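You will see subunit A twice below: alongside subunit B first, and alongside subunit C after that.
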Partner chain A sequence: MMRLLPWAYLIVAFVFIYLPVASLVLFSFQDGGLPVPPFEGPSLRWYADILSDGDVMAALGNSLLVAAGSAALACALGFLAAYGLARHVLPGSALIRGLLIAPLTVSYLIVGLGLLIVIQRTGLGLSLMTAGIGHVVINLPLCFAIIYASMGAQQQNAERAARDLGADEFRVITLVTIPMLAPAIAAAFFLSVTLSWDEFIISFLLTRFDVTLPVEIWSMLRSGLSPRLNAIGSLVFLVSVTAVLILEIFVFRKNRS
Partner chain B sequence: MTAPVSIRSVSHTFGDFQALSDVSLEIGAGEYVTLLGPSGCGKTTLLSVLGGFIDPTAGEVLIDGRDMTRVAPAKRPTTTMFQDYALFPHMSLRDNVAFGLRMGGMGRAARYEVAHEMLDLVGLAHAAATRPHALSGGQRQRVALARALAVKPDVLLLDEPLGALDLKLRRAMQDELKAIQRRVGTTFVHVTHDQEEAMAIADRIVVMNAGRIEDEGPPARIYREPATLFAADFMGEMNHIPARSDGSVVTTSFGPLPGLRAARGDAVLCIRPEALRSGEGALSFGPGEIKVSAFFGTYTRVQVVPEAAPDLVLTAHLPPSEMPEPGSRLTLSADAPAFSLFPTGN
Partner chain C sequence: MSRPAPRLQGAGFVAPALLWTLAFFVVPFLVMGAMSLATLEGRTLVWGLSLANYTELTEKAYLWRAVMVSMEITLTVTVVSVVLAYPLAWIIAFRVPQRWQRLALLLAILPFWTSYVVRSYAWLLVLAREGVVNQTLMSLGLISEPVTLANTRFATVTGFVHFFVMLLTLTIYANLVQLSPNYRRAAMDLGASAFQTFRHVILPLTLPGIVTGAFLTFVLCIGDYVTPQILGGNTELTVPQVIMVQLGRRADFPLASALAIVLMAIVTLVYILSARWLRLDRI
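Up next is the complex of A and B:
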């Protein structure tokens, strides 16, 4: 009995976590017009419906663009900040580190509102780019923290050796530092992609005509429940799972061996 | 490639800590020099000054007659073999060894050829395509050596290169390092705190303490006739016998010492354990009681409290054929050339 208890607990916990996702995926195959029991089907008609919907596909493309672009920028900036702070003695570096990480503690709503006010003031105009800037703001602290934490003495000594062997700073960074930090940089990148991919509030506040997928889903929700939404949700989930799997297989696995 | 090194009045401070005080040293082209001393004596700081990783507070460093004091490590004719080897984990051994040549702009085929030669020199040519994580500590050390030598430096700096190896491997690598140095002819400057390693490997030992050079010279001279009490103690076990000089004759508890002179005042007479033997000699320490007697294979180590000076314990290494019992009496003596006498300042 006592040996079964932990297993029962584990199963209950996983059911609690995954039941909503499982029901979402299940009713995306619903043949009827409402994603509620009883289950009729399976049918791929709602997938066919959304894949031929130009607005949804455009939003999907926008989301991928914003996720990849903002993640790449956040990684690049996070790496440079981490490299500077880990390799050079700067006045007030503890404060700079703190300020770089602080945005993690600010809610997305506040970040989004703040950016909205600033962007309205500057007259920049809302677009995918402004949403991307918002995502850089929320992902940069994470990228910085992940990359900074993995910069150890081992890299530092290898950089020293490279410099001793005649490498200039550019080649030290590109040939030694970045390859040695590749697992951390990739982890930061994929984490940023998944966070940006799912993010709603900032995208909602900072986009106008071109919207990201979560914003598109939200506007579809206003006209009521439909298995179309389940189908989109399942696709979104599939993309996130793929990103996590890529991370697991190519980054963490390689790192362990 | 090889070049002489000239260190002139180099001083360096870290905050309040004086790491090097007015150090001057001449190193000949092709010489194998070890910097020997305890932790914090400044030996690694001096090596970093030679490698260009530290700008000294004062003084200058000349390599092959050219002032290198403020030249960046990349632009110096030196390479460093780091204590933790600092190999590039994401590159094959071949790419590791060829890295310096790649930085120098050599083409892929040419640099791989040199890399193979260097890997062959250290006996790892068969593993050229593997990554460093597959290697043992001794093998990584060889790769680091090959990488540092591949760019044909004038001076190779070795920072405690054998520190992470076990004793047996360390002794084997000492011989190999020395043989490779003889073959390539490069000037080697090797930092260590292990006096046996220094003696086994060096043409010349530089003993350092508290940021200064205590003594420098061939291993045998430093061991037998150290210039300072610190060098005497650091090079191996030493018996200390208090002595006193009245300006012409040096006296200890065992009577006047023949043939030694020292300025008036207190002094300490030093004698190595293996210079003591049983029986009477030029300087006799008289009969004493054996406290400890232990067999060490190549010698028997005894500790004797002489009757003439009951506060002293004399340690002697006797031939292994002699195995006196603890508690029995033994007369120890030595011959005059085995002594060193250092004034203690008051």
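Up next is the complex of A and C:
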């Protein structure tokens, strides 16, 4: 009895963890108009429905654009800062590190609210660009921390060797440092893509006419439960899971071996 | 070709990220702070050093109520999540065979990566009047009428707990597997029962991990707008919901800013209270 208890707990926990996701995915194949039991189907009609919906597809494209763009910029800025702080002695470097990490400690709502106030004061319009700026703010600390943590003496020796052999700073970075740090940079990039892809509140506050997918889903939610929402939600989940699995398989596996 | 001085060169690498953080995080934050001290007269904004927005918090019942609701929900979620996640992390770390552990952990936190809008909607599916839980209970004959589960505080807490159980399982698991098995063996050899070993050896050693996870839970939970908005209905509002109401209908940016500062003050206070056990660098 006592031996079985842990396994029973494990099963109950997994049911709790997977209940919402399973309901979401199962009823995305519902043939009727409501995503609730009893299940009729399977049918792909709701997937066909959202894939032919111009607004949803535009939002999906916007989300991919914002996620890829903001992740790339956050990685670039994070890498440069990590390189500068790890390889050079700078005055106030502890303070700089603290400042770069600071946005992690503030809720997304507050980051978005601050940016919204400034953008409205300066008279700049809200667009995908402003949402992207917000996403770089929240992803930069993570990118910096991940890349900074993986910069060790091992790469520094290779960099010194390259410099002794006559490589200039640009070559050292592009031919030695970046290839050696590729797993960390990829991890930072995919983590940023996932977070930006799923992010709602900053996009909601900082976009206007062109919106990202979570914001589009939010406005669809007003009409209540619908198998269309299940279909689009399942697709969003599939993309996030794919990014996470890529991270797990290609980055962390490699890291360990 | 002369190289720039190393110090300047280093500064050049750091500058872009630093400027970005200053321009799009520090400056907006300071402006928000100033905004919280401004007032709204009619529809025009008057800058100043007024504490009116903060005193309104104690004067207007619905604002104070929102702070209380947020605190109650967040504390409930934090405690329930830790209590549910610890055994799960424990089982994965010590009962699941070594070679399956990574897979079990990956599976246990996979839905963590669902967008929070989608995740809250998924819980709505489960908890709705005609949803999975009600239909199952009715077909089993346990209830004859659907129970109201959605649009309640229970639904909000359930949605939050689901998310944070996954997060905490990860942080507590990481803590448990770092423990040397020798501590457990030594306690057992000295005659401690399984419970005594847990109570006097494992629990104190994993306390920093628990507190760190609980702190993260608290911070993320108290600042979230989506979960209570989708699952909680409009019977009671949390602070982020009230902030969004100020932004939307009334365009009262000063009051919204003051509420945001209050949220940050609460988080800072909790940070100070738990700093003794926090190991944020170990996440």
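Keep in mind that, in the parts below, the second predicted complex is superposed on the first by the 254 of 257 C-alpha atoms of A that agree within 3 Å, B and C clash if a C-alpha of one lies under 4 Å from a C-alpha of the other, contacts with A are read in each partner's own complex, and residues count from 1 in each chain.
One rule holds in what follows: a contact is a pair of C-beta atoms (placed from the backbone, for glycine too) under 8 Å apart; a residue touches a chain by one contact, two chains touch by 3 or more.
Values in this document were obtained by computation on a predicted structure and should not be read as measured data.
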| said: Once chain A of both complexes is superposed, is A:Gly92 in touch with subunit B (first), subunit C (second), both, or neither? | reply: neither
| task | May I ask you to decide whether A:Ala167 touches subunit B, subunit C, both, or neither, giving the answer as first, second, both or neither? | result | first
| query | Looking at the overlay, does A:Gly233 come into contact with subunit B only (first), subunit C only (second), both, or neither? | reply | second
| query | Touch check for A:Gly54: first (subunit B), second (subunit C), both, or neither? | reply | neither
| Larger contact residue set on subunit A - subunit B or subunit C | C
| request: Scan A:Ile133 for contacts with subunit B and subunit C and give back first, second, both or neither. | output: second
| note | On subunit A, the footprints of subunit B and subunit C overlap at residues none
| request: Mind listing the subunit C positions that touch subunit A in their complex? | output: 3, 6-7, 9-14, 16-18, 20-22, 24-29, 31-32, 35, 84, 87-88, 91-92, 95-96, 104, 106-108, 110-111, 113-119, 121-126, 128, 130-132, 135-136, 162, 165-166, 219-220, 222-226, 230, 240, 243, 247, 253, 256-257, 260, 263-264, 267
| request: Going by the contact rule at the top, pick out the subunit A residues touching subunit B in the complex. | output: 154, 157-158, 160-168, 171, 175-176, 179-180, 182
| query | Which residues of subunit A touch subunit C in their complex? | reply | 6-7, 9-10, 13-14, 16-21, 23-24, 27, 34-38, 77-78, 80-81, 83-85, 87-91, 96, 99-100, 102-103, 105-111, 113-118, 121, 133-134, 136-137, 140, 144, 169, 194, 197-201, 205, 214, 217-218, 221, 225, 229-230, 233, 236-237, 240-241, 243-244, 248
| message | Looking at the complex, which residues from subunit B come into contact with subunit A? | response | 51-53, 72-75, 78-80, 82, 84, 86-91, 99-100, 103-104, 147-148, 151
